[in-house]
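Supplied in structure tokens, the structure appears directly below.
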Amino acid sequence: MNQKPLVISAPEPRTLQLIFSTEERHTFESTYEVIEMPAVEVDSIEDGLAKRVRYVVGQPALGEETLSRMAQLKGIFNVESNLINNMPYDELFSRGIYVLTTGGVFSKPVAEMGLAMALCLARDVIDADVAFREGTERWGGDGNVEARLLSGSKIGIIGFGDLGRALAQLLSGFRAEVSAFDPWLPPSILEDCGVMPMTLEDIMQTSDTVFVVASVTADNVGFLNASLFSTMKPGAALVLLSRADVVNFDDLMQFVADEKIVVASDVFPDEPLAKHHPVRQLKGFIRSAHRAGALNVAFKQMGRMVLEDMTLMDQGLPPLRCKRAERETVGRMRSAPVTHN
Amino acid sequence: MNQKPLVISAPEPRTLQLIFSTEERHTFESTYEVIEMPAVEVDSIEDGLAKRVRYVVGQPALGEETLSRMAQLKGIFNVESNLINNMPYDELFSRGIYVLTTGGVFSKPVAEMGLAMALCLARDVIDADVAFREGTERWGGDGNVEARLLSGSKIGIIGFGDLGRALAQLLSGFRAEVSAFDPWLPPSILEDCGVMPMTLEDIMQTSDTVFVVASVTADNVGFLNASLFSTMKPGAALVLLSRADVVNFDDLMQFVADEKIVVASDVFPDEPLAKHHPVRQLKGFIRSAHRAGALNVAFKQMGRMVLEDMTLMDQGLPPLRCKRAERETVGRMRSAPVTHN
Amino acid sequence: MNQKPLVISAPEPRTLQLIFSTEERHTFESTYEVIEMPAVEVDSIEDGLAKRVRYVVGQPALGEETLSRMAQLKGIFNVESNLINNMPYDELFSRGIYVLTTGGVFSKPVAEMGLAMALCLARDVIDADVAFREGTERWGGDGNVEARLLSGSKIGIIGFGDLGRALAQLLSGFRAEVSAFDPWLPPSILEDCGVMPMTLEDIMQTSDTVFVVASVTADNVGFLNASLFSTMKPGAALVLLSRADVVNFDDLMQFVADEKIVVASDVFPDEPLAKHHPVRQLKGFIRSAHRAGALNVAFKQMGRMVLEDMTLMDQGLPPLRCKRAERETVGRMRSAPVTHN
Amino acid sequence: MNQKPLVISAPEPRTLQLIFSTEERHTFESTYEVIEMPAVEVDSIEDGLAKRVRYVVGQPALGEETLSRMAQLKGIFNVESNLINNMPYDELFSRGIYVLTTGGVFSKPVAEMGLAMALCLARDVIDADVAFREGTERWGGDGNVEARLLSGSKIGIIGFGDLGRALAQLLSGFRAEVSAFDPWLPPSILEDCGVMPMTLEDIMQTSDTVFVVASVTADNVGFLNASLFSTMKPGAALVLLSRADVVNFDDLMQFVADEKIVVASDVFPDEPLAKHHPVRQLKGFIRSAHRAGALNVAFKQMGRMVLEDMTLMDQGLPPLRCKRAERETVGRMRSAPVTHN
């Protein structure tokens, strides 16, 4: 009998409905035998199923013993951006089982939000609208004393993964001087992407606008702090899009309060944030409640990525659409798991 | 003796200080003999000066008699975007005296502001920040119910002069489907600029975002009205950047109030606007107080444009940097003169 | 009766069949009353027709008297790239009658040929194929001793009209450093087009490849000569695409013969060229018999340009698709008229 | 003592001098202890060295026993484009030892050569120059009967690895409709690169120009044959840049001989090719003796790639610059090893 390949689905807090369009979910379910189960139950999956599993969707805890029972397992699609330390990665790498993340789907939405924020900082769009509501708007040039253009300006990108590349792509119409810093990438890759490789220090000192899109790792918690902020140009803008942990948030707020720089951020030290956190009233700071990536179109793209890579792997080819966990870095990624879509 | 060419300067409400950088003003004043006078006095300029005038900077009223006394006049740089009906244009065209506008300097600043507004509409950036200040923000996907991307969307541009082109250039990084309508341009020029020529009706019906950048003319007052707004996609965005007179503003507000479309505008039927005008409290409407273009860098670029074209004309070449008034359209341009920079 | 506007057609050596597609010719002939006549007869056109003529297609000799009889004449579409001194241009400019050239249609074909030639010079494509035919080819790296890339190299463009822009557009995928020199253009227009303004001397000294696309004028015959060639980098390439008269052709051949530079040219001092002209056997020189522009698709585009501008002018708008003769430069253009399509 | 990491260098037929610039070779040799040895001797390397080897440069045969003695081995930089079946890949993958190829260095040079050839086919550049030497050239439009533009045409790319991407990048200035077929890639990656995913059959039927840049694998020998050539548009062009084995070369020549298509190729069934092979005299066929990639700048880039990835790996990061051998495909790549640079 011609059995369909078996997929165990445990993508909490995502759901199959969230990540698949109707049509793609139909393709998924007609191509594979899909068994949905709570993530906590995957590790005690019965032997009859275990030995048939080809793919896991989700990031359930998996013990070495369970893994050894899954003799045909080819890939774990965790449908997140991060990697939890809840499975024996060494074993997975050694057996050539791919652990695949789908964070790339957020790069376009986050890049567009980042550009929106940078333009709002450069042109004071938000406070000007609020003033207009209140009848205190300033007309024409009077309202533009500190306004500036992104076109032709110096823009720095810290971290140059999918999101940094999406930003560079969006910025291509501005004819700006775009530089990037990424310690995990060779300089020639930055050059191939049309951005100038630069040290962190030089980016902070020379940029009119800095986009922070670096993942948080074991090594870089709080690496953006007062000593770097103090080197920024007066009035320069910083747009924080990755994780709050990469900056010293108190330092950041202080520099805004002192009117040395302006800032926009999609991420905060606690999410949700305390009702009376001082950043809520901080002038010169634009706030977004971790909304930059979580668009419906992005979630739906996850399903497409999963299907495309399963299709390749079903043909004996390596997956290319999702991002693979790497032996060297799997232990370094420190984003908290998502608890909320 | 080797006299410098004479320039009469009457650029009110602009000033030479506004439009020139220090260095370029120095070049200007060392190349030309510059006589500044109030605009109202130019028409009664004395004969000895009149016969020596090569260029006029500004847009003073000029009678036929005065013009006939200015036998060496080559060009009038009006350092505005519009043309006032205060000189005998037929005579100027017949004599080959150029009337040159410098509105092109505003195209980049206005395009960046337009993109900022379009992104704010697509992602609800402003109300989300205001809610965050008030502690009522919604986190993650909960705050994104109506959020959408510009990337890959359908974008329509109404009017395709300098500003429309600047917008198309900025949008080039978004891989969107950009269409344009401009009744004064042949379709093949739109194609050469990488946008799709489309009828006004089709743009209104198919676009996710419409940028209105058409100049107001004798023929198009209020041409964007309820009957066109009613054909727009539910939730589509309209960004008005040129002049309020091209839309029926009451219709526009009604469609926003009815939550059929969302709108951002830099221009209003009266400027400044009455303190209790209903648009001030209209939800789904982003307001900017005619600030999109009036950046210091834009004014300074005017001086550079004037110098570049004077340099060409001094060599017996035609001016190419500023925009020339055209016989056919000079009478049709209806923007009010600027009274405020 | 509702008479169609009258067009006199005398486009020798072009024909209406050459410049119009079947469909566009149909549109042309159903919109206008088209009277074809030999160019030499236009000047003695009978009064009844003369007073009704709205447009002339072609570049027939026109006397002042004839012109005064053509009271409704709006435009002369010469369907060439050049302007013959056979009509009273002052009178035409004063009356606001446009003289329109269609040379822009050749810019894409010529730019593609220019790029083909530059790549052939950089990679020795032609001689390598000829050697292969003869069995003397060199394999792999042995055949590439002098090969180089355009990607990332320094490219200079001399003359930056339609053709220079088309070249810059084609080169945009190469991430090269593109500079341009054009004495008739202000530097900021070059910058807006994404190329770096540079002096002629600097372009000659610094470029790996120089494209010569400057029109020949009263002032620039032979301006590219030994003294400039001697400043070029060893082995640099020069691609001549406009007119042979802008270079000192003997000097050019000498520098190739001395193996100092390599050259490709589409144009020659005499066309057709003498059977024993030494350039025919010159190694390091690629020859093309004025074929770069004369593609059928280019000729057909002329008809579209003419129709688009007539449509604008019929609506009382200025023509924008064709290039207008300018008072200042009409007397300077020195290309010989075409005698051959 | 602080010993430098050990590198075994056996890159035959490449040499360290070929792949490194002077400066980068200096960096290489001062960072690592480099021991050069003939490839055939690596497998019998003495224990004292074996246990210290961090990297191997070259592609020497390596037995399981040797590999087990190289306990610290992290990567094998084969400085080629292909993978020889001369080491136990399973063992390497299981241990997480990277096998890294540097074929990406050839993508820009090959893409430029491919574009040169496509333009030469479209405009008959080579035969026109040969005719000019012989005094039989045809002038202007007479020489362009079959000439066509790449701008705006339909272009298909078969195989979309580094080389396909480099081609798409070069073609970006042409505003052509570029499609691609690659059975090893998900369609959304093609879309992200700005090309349209298409079946092989559709590409062959609809393209004006087809670039063949697919690697030869166990599955695709001769997959481009008469049955596909017969579906091509009359006069369409095919440019073969990867390996001759992917086409049925006899079929290809027959279609050219019958004047159904035109072809350019950098690769041949035998290299060097027999002196009297019929392709040498075949009209409508441009020949290049495997010269497209073998540029000095490309070889030098290999050294830079190797150094960049060693630098990452020395820091405990995964290599990103070179291309990694993949478990699934390592056995499928069938290019013959290079014997000649």
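In order of appearance the chains are A, B, C and D, and numbering begins at 1 in each one.
Keep this in mind: contacts are C-beta pairs under 8 Å (C-beta built on N, C-alpha and C of every residue); 3 or more make two chains touch, one makes a residue touch a chain.
Just so it is clear, the structure is predicted and the values come from calculations on it, not from any experiment.
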| request: Go through the assembly and pull out the chains touching chain A as well as chain D. | output: none
| task | Round to the nearest whole Å and give the separation of the Cα centres of chain A and chain C. | result | 51
| Approximate Å spacing (C-alpha centroids) for the pair chain B, chain C | 33
| said: Report the inter-centroid distance (CA atoms only) between chain A and chain B in whole Å. | reply: 38
| task | Would you mind listing the residues of chain B that make contact with two or more other chains? | result | none
| Chain pairs in mutual contact under the definition given at the outset | A-B, A-D, B-C, C-D
| request: Enumerate the contact residues on chain B facing chain A in the complex. | output: 108-109, 112-113, 115-117, 119-120, 122-123, 125-126, 128-130, 132-133, 135, 137-141, 143-144, 147-151, 169-174, 271-272, 275-276, 280-281, 286-291, 294-297, 299, 340-341
| message | Show me the residue ranges of chain C that touch chain B in the complex, using the header's touch definition. | response | 93-96, 184-189, 304-305, 308-309, 311-312, 316-318, 320-321, 326-329
